[in-house]
């Protein structure tokens, strides 16, 4: 099922529109990750899709069929709610069984499926418990099982893994991916976790200010961001920015001249600042002061200072504070226009094409 | 839906759910109400045949000039004022005491519910006995020798006490159900936020209980405005000494069934209706503000 | 169901009889009805208890408005004018003839007719009498009062002994009725005309009101009946209905001796209110039902039936011949307390029935209630009452 | 300190309980006094023997078995009907959106303000036209709805998070299924409480059954209580005995349902 | 305030104890991160601390004072609940104001603080909204503000950032850190996000199977895990394990001999598999087959195959699939005993000491 938002506007009562003239197409049979800052309207989008909200204006198409005014019962959409929405009076078993019961699935068949999905999300030991007797993560898993068991035409997952530990998270996202690929159900996966998004999504859409900022694979969003917002949002640690003017003198003359008038900001990924010598081609080599290093597991975050600018690198080995000559690699270095548009992405000028 | 837009379709759908209630209500409440309106405007009619020969506002005029009616309105207002706030607050107090009692909760709840289970006739007899001037228990308790049921100064108070006592169980039960509806965790959080018991009640329990409070208050207003059975039973089919317990419904009953003054009775019924409407309307407007948080469609 | 009996029953005309009797009275009535049903094969009377008289009345009102009235029902003759106006009842004489009524006790006959036709058949009747505490009477050396004045005088003396002379029911309307009747100026006279604010009425009212004021008399208030105080030994006399005699007998404390006598005189005359219920025949009844009803009423007037009714319930026999019947006289001899009521029949009277009587009744009761429970004096209350009743009468004349 | 508070709570409750209990005890005590029709209320006579046979006598004086059957039938059907119609309407008023919703709701609440005494006669006439007088239908049908119950349930339904409704709808439940599979079980305490209150009202209803029926075959218990009172006096012990056995089924019902009323589902299940 | 759990046992009705003879000390004035898989009892621990639960057995000490049976009102504990538990009937403003109102803080002072904290968690535009009108992340931030404004003696945060995007997450965790350091309030921070834990916590405690597995700094837990559970739980991608016997032939003889009898499992961090040549000292160099590479932002996850074992490396540059000689560095390579105890951690044998 391909889902299309056509020029949709939606405003909650007494406030500015959350979505204004919003247009977006979710490709059929793919797993699309929806990223965006808190409050950017991700849940609102899902609610529109599910039919919980009706747009003030615009149309919503499911495979070219206008469903804007269809009731929620008719759309066959499955959803994991951000607050799980488990039925407090039903046991875990009955919560998972609910969609099947509604569909009058035979008892034996139902039980088999419940067993299967409960095992999948690892809640088998809790089947006879009530939601209030579960931990946060367990509740989330029950909600996930309940949405998956329904085998909907469109599956909406609103942060389905936010309360799970790393291990479970990996397992479940792989399962979601597996189920999605096996059934080919169009899936939208809202998450704040970029690894989740990058790991399982076919495409990623970044939502901000009520607009789609960019749609693409994780690689595209990371390496060729459409604009500053995307570049800043994707990647951890966050993109370091400095005025183009500050860096220009250090750049190769041709590059500096080419963007002198258009670029206002430079963005530098943490892995683009390297210890020299290095085989990687560099834009420039500058002496920077290492002020501190944080050890975060396998990452070493180095805080650098250069010409009154703070920079961050994750590509340095453990070093004592002091001055070092560091190289700036072209990939991982972006130039942005005043309106935020990305002008240059480390040599692959996709943004210009 | 989160942003609801009623349409013909949703209206028909909703009507299907409302139909059973509406059909019976129209048949057994709205229709009779209309005939009551007709009666109230009839100035000349045969009581038995119901044939009306003249219409007008005379019945309302007669009420306006009838001192008994004035008395009835006054008593009804006084009575309601005496019963409703006290009944709601007392019931709430008892419900709070009963709520999550560590031991014997069921036992106490049952005791408090007893008066409501017992039929009004028996209850009134019992209270007639309790209110006796000479050996009455009430006088014994407060060391007085008031002739509760024969002194026009006290008989309304006696009625108020009886109704308070009897309605308590009803309201307690609803409050208990309402209290149970509140998610405990809000109280736990409040406790963590440093709220004292009183603060927890006032800032958490009470506001979350508003749907129940509204229900009980509106219901108490309506039932007590219509008080009749208790008057009839406590004063053996009279309106108390010197008409001191003449309430609007009693007035209506008297006009209708004893004096056969249909028009007056219907008119007084409509005045009562209007009065309750006005007062509950005021209460409703007041509550409207309280329940802002509950309303999902608009703020 | 015996098949023969039921097929026979199918041929019978059913006469529905709504009444307001319960407990022992209901049992006595059922017995009478059964006997009637056995006595013939054409009619079957079906008695239906409709609770008490209040609910019975309400039920008749409701049924009247929806055309579902029974064949006959118990009610008071004072409702007859309203029923006649509503075209609900039919005269009995057309079916019963005049003859059966000739034997009816004269005072009861007063209430039968309205505008020259017999509508109300007397049924459960009683008279107001004076109960006295035998032991207290002897102890205080008081004679049975012949007059209201004597009663008041005795009362003043008894007050020093902390004894109240007279206990009254919640309302003293009956006694006031008696007094004004005795004074020769009944409250309502032909017309109907209300004489509620006349000198005589005020004086009569004062007889009772003064006694209440100086505590030589007391009303029962919410207890309803003065027998409570009477049995408590606090009052010497109790003015009450003869219908209460059987109940009084049952509820008298052990060792309490009491007797009955007729009401005192006033202005040198005797006069006692007779009250109770009657039976009316409704228009909705079919001719066969009407005939059956007549047969049943006829049956009730028979000496055997009416005496049995009187003995079982404490109501009065309906016919003069029954009153004089040796059988009944023997009963009176055995039950001396029942004698006062029968004696009262000689000077008994009943209120005049007129359209708007129920309103009048409410109005006067309310006024009297005000006299007993508040500081209002007859001079304040009666003019208002007169006015109100005038309005009632005027309105009903117009209707 | 905590103990003191709990103790105070019990003390207060116990004091109130005496006031609540006293009339009931009185009722039972009177029911055991020697029976006779009297004009006055008997007073306590502790020393005398307890007359349990009053209950037997009272039972025999009127067709109470028949009355019991009728009361049970009428109460069960009216309460069931009231709950059913009110649940449906409460759902519409709390979850559905339609034209005139607020107006209709307020209008219905307003209708409860009309005194029943005013409606009695027109309703009786309606029943006459329907030929329902003296049938079970007359006892039951007009009472198959209760606006109060609707109001109470709507208030409760309003407090549930909407996401539950949406989740159910998305999972393929119709409104109807959501109502009966989710909303009703979730609100069991309130529904039980309201049902109980309605049942008591129906059980004790007096005027209506008396007016619309004529034969003992159809009459209910409260009408039976009239057997002991007449114009000339009341048999208090028997009346009280009968009242006791009228009340007892309600008490049993209450005790049976009590646990459902105070068993919250949304309660956080933390110990302590 | 130092918090001590002494031999605490707690079982929910009808089930095995969630905590059994649990002993743990939370150091005074520090920010402790509590990690653990879903359902391991983290929320239960916080509830015990807050007084929402009473242990079946054992004592809870606040600065040596037994508070096991104290009511929650007396403990002065602030908490962000996993499901926020915002008061539905209060606006955002009043929700945040609640603890201050309870403490009878003067109006002007209160308003000033509310403004400050609302700005901190970026909910100023929503102050007049009700919780149900907020997005999930916004609700979470309100809950955080409400807990912080109370200035409690002990602050408990149950996944306070789970629904926030990366940027907000960084900002808020820095704010939490700042407030914690400024006020010195003992803080326990439950999280599933290791970066959060590693970034801001003074110490990290890992809870599993109702027991503390290890307490230490992030560096300690990462580089010198006490046991297999810890090593597996910390670090992303997850630690690869292979039988000791499989690796033994490739190891230096002395090392292989030393652990031949005790070690059963080897754990290898993804950054310990390097492209050769490299300046880092290696345990061994082996030819491995590169089967695939995932590009996750700046990380390249390489899937390797060697002697029927699957291995993962994040230290390889983009390469075509094929056979490569790869080095195994000592740091990031652990030996575990059969009972899971860590025997050797890449040369720094802390586990043996």
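Going in written order, the chains are labelled A, B, C, D and E, and every chain counts its residues from 1.
Note that contacts are C-beta pairs under 8 Å (C-beta built on N, C-alpha and C of every residue); 3 or more make two chains touch, one makes a residue touch a chain.
Everything numeric here is computed off the predicted structure, so don't read it as measured data.
Which chain pair has the highest count of C-beta pairs that touch?
If you count contacting C-beta pairs, the leading pair is B-D.
As a test of understanding: of all chains, whose mean C-alpha position lies farthest from that of subunit A?
With centres defined by C-alpha atoms, farthest from subunit A sits C.
Quick check: how many Å separate the C-alpha centres of subunit C and subunit D?
Measuring from centre to centre gives 39 Å for this pair.
Using the average of all C-alpha atoms in each chain as its centre, how far is it in Å between subunit B and subunit E?
Taking the mean C-alpha position of each chain, the two centres sit 58 Å apart.
Please compute the C-alpha centroid of subunit A, do the same for subunit B, then give the distance between them in whole Å.
Centres of subunit A and subunit B (C-alpha means) sit 57 Å apart.
Which subunit A residues sit where two or more other chains touch them?
Correct list: 12, 52, 72, 83, 133.
Do you know which subunit D residues sit against two or more other chains?
Residues 121, 161-162, 266-268, 270 of subunit D each touch two or more of the other chains.
Mind pulling the residue numbers of subunit B that touch at least two other chains?
1-2, 5, 128, 185, 188, 257, 294, 296, 299
Tell me, which parts of subunit B touch subunit D in their complex?
Interface residues on subunit B, with respect to subunit D: 1-2, 4-6, 10-11, 13-15, 17-18, 20-22, 24-25, 27-33, 35-36, 94, 97-98, 101-102, 104-106, 108-123, 125-130, 135, 137, 165, 168-170, 173-174, 176-178, 180-185, 188, 211-212, 214-215, 218-219, 222, 225-226, 228, 248-249, 252-253, 256-257, 265-266, 269, 272-273, 276-277, 280, 284, 294, 296-297.
Residue numbers of subunit B touching subunit C in their complex, please.
Answer in residue numbers: 44, 46-50, 68, 128, 131, 147, 149-152, 234-238, 241-244, 254, 257-261.
Along subunit E, where are the residues that touch subunit A in the complex?
Interface residues on the subunit E side: 12, 35-39, 42-44, 82-83, 133-138, 140-141, 158-159, 162-170, 192, 194-195, 198-199, 218-219, 222, 232-238, 269-271, 294-298, 314, 332.
Sort out for me which residues of subunit D touch subunit C in the complex.
36-40, 61, 120-121, 124-125, 127-128, 133, 207, 210-211, 214-215, 223, 226-233, 235
Mind pulling up the subunit D residues that touch subunit A in the complex?
The contact residues of subunit D facing subunit A are 161, 163-164, 166-174, 177, 181-182, 185-186, 188, 265-269.
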